[in-house]
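Both complexes below contain subunit A, partnered by subunit B and then by subunit C.
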Partner chain A sequence: MTQPLLEVKNLKVSFAGKKKTTNIVAGLSFNVEKGKTLCIVGESGCGKSITSLSVMGLLPKTGEVDGEILLKGENLTGKTMKQMSKIRGNQISMIFQEPMTSLNPVQTVGKQIAETIILHQDVTKKEARQKAIEMLQLVGIPSPEKRIDAYPHELSGGMRQRVMIAIALSCNPELLIADEPTTALDVTIQAQILDLMKNLQKELEMGIIMITHDLAVVSEMADKVLVMYAGKAVEYGDRKSIFNHPMHPYTQGLMKCIPDVDAEDDLEELFVIKGSVPSPDAMPVGCRFADRCPYAQEICRTKSPDLEQVDSQHTVSCWKYTDLWKDGETNEPAISEVAVSKSS
Partner chain B sequence: MSQPLAKLPSANLLDVKDLKKYFPVGDQGFFGEKQVVKALDGITFTLKKGETLGIVGESGCGKSTMGRAILRLHEPSSGTIFYDGKDITKISRRQMRDNRKDMQIIFQDPYGSLNPRITVGAMLSEIVETHKIVPRKELYDYVCNLLVEVGLSEQHYHRFPHEFSGGQRQRVSIARALCTNPKLIVCDEAVSALDVSVQSQILNLLQRLKKEHQLTYLFISHDLSVVKHVSDRVAVMYLGKMVELADKKDLYENPLHPYTKALLSAIPSTKEEKIRERIILKGDVPSPINVPSGCRFHTRCPLATDRCRAEEPAFREVSENHFAACHYA
Partner chain C sequence: MEAQLNQKIAVVESPKKRRMKEMASRFFQNKMAVAGGIFTFLLIIIAIFAPVVAPYNPSEQDYAKFLQSPNAENLLGTDELGRDIFTRIIYGARVSIEAGIISVGIALLIGIPIGLFSGYYRGVLDEYVVMRFTDALLSFPPLVLALSLAAVLGAGLQNAMIAIGIIFTPNFIRLVRGEVLSQREREYVTAAKASGISDFKIIFRHILPNCMPPILVQATLSIAAAIISEASLSYLGLGTQPPTPSWGAMLSMGQGYLGDAPWISLFPGLFIFLTVLSINLFGDGLRDALDPKMK
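Entry: the complex of A and B
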């Protein structure tokens, strides 16, 4: 097997507080291959953004990273700030959610793109400007020679996100991390941006980590999917396998609670995952989803499950798929009753 | 799911005619013309009792302005709004304030719309007191009941907004809207800021309250799947105008306006077999200061002709109860 572009092994991130340390990410492993997309899905607070920031080496100082982050076999966790800033931009780039706050409002977009190019490549200002125009052209901004001297506020949301992508791609990174790149955009613009990212990926053969909470976006973009819940991976595998046979009760719940545009009949009520995400200070001992899980048994509340291989393309962290599962012990109400009891 | 109500001469709770809202944006030089943003440029629709009308459109299309103009939180520039047979654009602000007892709004960001410095109980009590809904003695019980009704509990009475999670805060917002026993609630992106698992909880809550209190919703959202789930009828807006209005089923299965078609095709789907033939619109929404001539959508429309560039299409009934503003619908 060839070496994957990025290999993350047992990543743990914790933040030291005054009294205690809070674990945000607890043992996460995944791979990203060249030219492929990994989507990390999860709700707010599940640690998906922290994961991406630790790959970038951009965690705040109070954050502590444990485990291995291997970029083409090279471990990034031990790198100094200086070494990391050479890698960032050149080999790994990132697009953030809010293009207005991540662009400098008092500089023209051209200058901001050229800055990255000058920093990482040995070029003159003139060449950098020329390259910046090319980049704007690449991301589909009309009349780039004019737009290059525009300030961020003169551009629309979709255009700003294109500029962000242009900056991120200006040094041909091998890995692009996109943190909710389309969440702030309208559907028609979202379709444009996703389309653009797919085309650029084909052209430049980069690996993409896409972080999102939108399952529909995942199904359009992903080759592989990692579902996170409360700092842990609950399911990891091939997109097809996960969407056709979601195995973890959390993944199943997530898929069911979105209203389906294609549904023939109207549902009276949507499926509900009862309760809410546990606070990172008070994580349950056993499976972190146990309190909200309709199937939870004794073992789920006492012991934390590991990620188990269910087939070659699919791993899941749930006791239900192990030998320790006792059939018939589930005394929780069936799914439909859960929804009703919640709302009555 | 609309309930037939024949008691009144018209079953329309809300009758909006040619509603306009222009915002001035300063002069263009000394001799220049005054510029205005045409946030709403002639909106006409009716809302039946017990119905949910979904409003969809991209950001800047005027959907939120419309929600606020109907409650006169923005004074409309022109047009009429008949609420329960009474023209509320003609009444004084004071009378309007009394009227708002019947018309409430839920905002997108529950943190921004709750006062962070007073407890939830105090905030709700204040509203109930102002509108004299119940005698003072019953105030506490009334508010507690309300909290239970939206899925919170009595203990939450003495808590501050920051002690709640996003979903709980939105429940408080719903309680706030509900505490005056309104008939109409405008939900302005009420579930957009929530995680999907919480979103489904809140949507179910809204649906249940609608049934129990015979509410009428004007449901504003950019999320087409959510709108399809909650609405009876759906209106699509583009640059301050309605471009299509129809029964939910009709609109989603048989869209007539090219913009609606493009919007629907842009929804990503989780079902592999249902990947749509995508119509990718070019460019962005034009500025509402310089609205394009003729049909507003012609700059992005894949089917635009010379007629579209010159002549503005009327919002007409193309088939029964299915309105669209397109020359070629």
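Entry: the complex of A and C
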């Protein structure tokens, strides 16, 4: 098997507080292949953004990274700031959630694109400007020769996100991390930006890590899906397998949260996963989802499950699929098996 | 259709120009600010061309006509040594403007880098050294501090400017640091880091320009305050030394003759007042023009 573009092995991120250390990401492993997209899905605060920031080496100083982050076999965790800044923007790029604030308000967009190009490539200012115009063209901004001298506040949100993408792609990165790139945009623009990213991915053959909580985006973009809950991977597999056979109760719950327009009963209420994510200072000993899980048994509350291989494309971390599971002991079957199979 | 659209876009002027125009029009709507700007501008011109504009030599004494009240020959009268007050005010403008600009320049030169690094890197040095040091400096009444500094450094215009520069520095450190603290949390800074841009470049190319409007306004207003400080030091004998004409020193010289020849003190005082007022009006107008939301 060929070496994956990015290999994250047992990533742990913790933040040192004044009194104690808080673990935000607890042992996360995933791969990103060249030209493929991995979507990381999860609720707010589950550690998605922290994961992406640790790949970029952009965690705040109080953050502690443990584990391995291998970019083409090269470990990034031990790199100094200086070494990382050569990789950032060049081999790995990132786009952010808020296009309204991710651009420097007092610099023209052209200067901001050119700055990255000059930084990583041996070009003159003039060439960089030319390249910047080409990049704006590439991301579909009309009359780029004019827009290059525009300030960010003169562009709409969608345009700004295109500019962000132009900056991120200006040095042909092999890996693009997109942290909820479409959350702040309205739906039509969302689709345009996603299309743009897909097309550029094909053209430039880059790997993408897409962080999102929007399952519609996942179904559109993902090759592989990693479902995170409270700093841990609960399910990991290829898109089809996850969407057709969600196995972890949390993933099943997420799928059920998508409102069904075709439902016969118009008054059907939105499905809600009861409770909320446990606080990082008070993680339960057992499965972290146990308190909200409709199937939780004794073992779920006492021992934490490992990721188990279900088939070649699919792993899940749930006691339900192990030999230790005792049928019939379920507390309150809020999600019935029938309902799940219907929605899949 | 496409061609038509492109033509339309081509007619629109570049955004940069438009922004400057908007700012200029906002500034010119403010009549007081324009008046202040004009007065300041004229004063600078007159100061530069003092030898051409002034009717006499500023240190030329004429005992035949000392303590003369304003007349056709000596527009603003003469002082106790028969020197033309109008001439001395023109030359005094040189001293005042120079003192204002250079001392604020010193404060900016020291204050901006310290504020930038202190705010960007935070840490122990920022919290316990820089901030407590500025607190200590700010807790002195500024004039007392300037007086003691000038006394330590020795009397003279150059030392007065250094002293005034130092007492204004903490204001700029605090202002810049505060601005940096709010800017460094902005996403564009993280985004710049994500493109691999170094801290140094982020500080000077991205954060500093975003902090500029308040710095510019504070600098303008500080020039006015520095002019008063220089005049005060000169008045107390620690600034400009005779025979170099300085508004503050003239004010103090005229003190003994206030009953007989009030013009000796009146006119320098009036010019200090007008100059400081004009610069302040100009600075306020500049603030409103740069950031209409700040009002």
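Annotations
Here, the second predicted complex is superposed on the first by the 327 of 344 C-alpha atoms of A that agree within 3 Å, B and C clash if a C-alpha of one lies under 4 Å from a C-alpha of the other, contacts with A are read in each partner's own complex, and residues count from 1 in each chain.
Assume a contact is a pair of C-beta atoms (placed from the backbone, for glycine too) under 8 Å apart; a residue touches a chain by one contact, two chains touch by 3 or more.
In this text the structure is predicted, and so the values were computed from the model without any measurement.
Superposition model on subunit A: subunit B and subunit C are shown accommodated side by side without a clash. Of the two partner chains placed by superposition, only subunit C is touched by A:Thr101; subunit B is not. Of the two partner chains placed around the shared chain by superposition, subunit C is the only one that A:Ala168 touches, whereas subunit B remains out of contact.
Look at A:Ser143: by the touch rule set out above, it reaches subunit C but stays clear of subunit B.
Contacts of A:Gly157 after superposition on the shared chain: subunit B is touched, whereas subunit C is not.
In the superposition on chain A, A:Met56 contacts subunit C only, with no contact to subunit B. Touched residues of subunit A were counted for both subunit B and subunit C, and B has more of them. Once the two complexes are laid over each other on the shared chain, residue contacts for A:Lys86 go to subunit C alone; subunit B is not touched. In the overlay built on the shared chain, the residue A:Leu254 is in contact with subunit B alone; subunit C does not reach it. Put simply, subunit B and subunit C get as close as 9 Å, counting only Cα atoms, in the superposed view.
Annotation: subunit A residues 142 touch subunit B in one complex and subunit C in the other. The residues of subunit A lying in touch with subunit B in their complex are 43-44, 142, 156-159, 186-192, 194-195, 213-220, 240, 243-244, 253-255, 257-262, 266-273, 276, 339, 342-343. Against subunit A, in their complex, subunit C makes its touches with residues 5-6, 9-10, 12, 14-16, 19, 186-188, 190-198, 201, 205-206, 209-210, 212. Residue ranges of subunit A in contact with subunit C, taken from their complex: 56, 58, 84-90, 93-94, 96, 98, 101-108, 115-116, 119-120, 142-143, 146, 149-151, 154, 164, 167-168.
Against subunit A, in their complex, subunit B makes its touches with residues 58-59, 151, 165-167, 195-201, 203-205, 207-208, 222, 224-226, 228-229, 252, 262-272, 274-275, 278, 280-281, 283-285.
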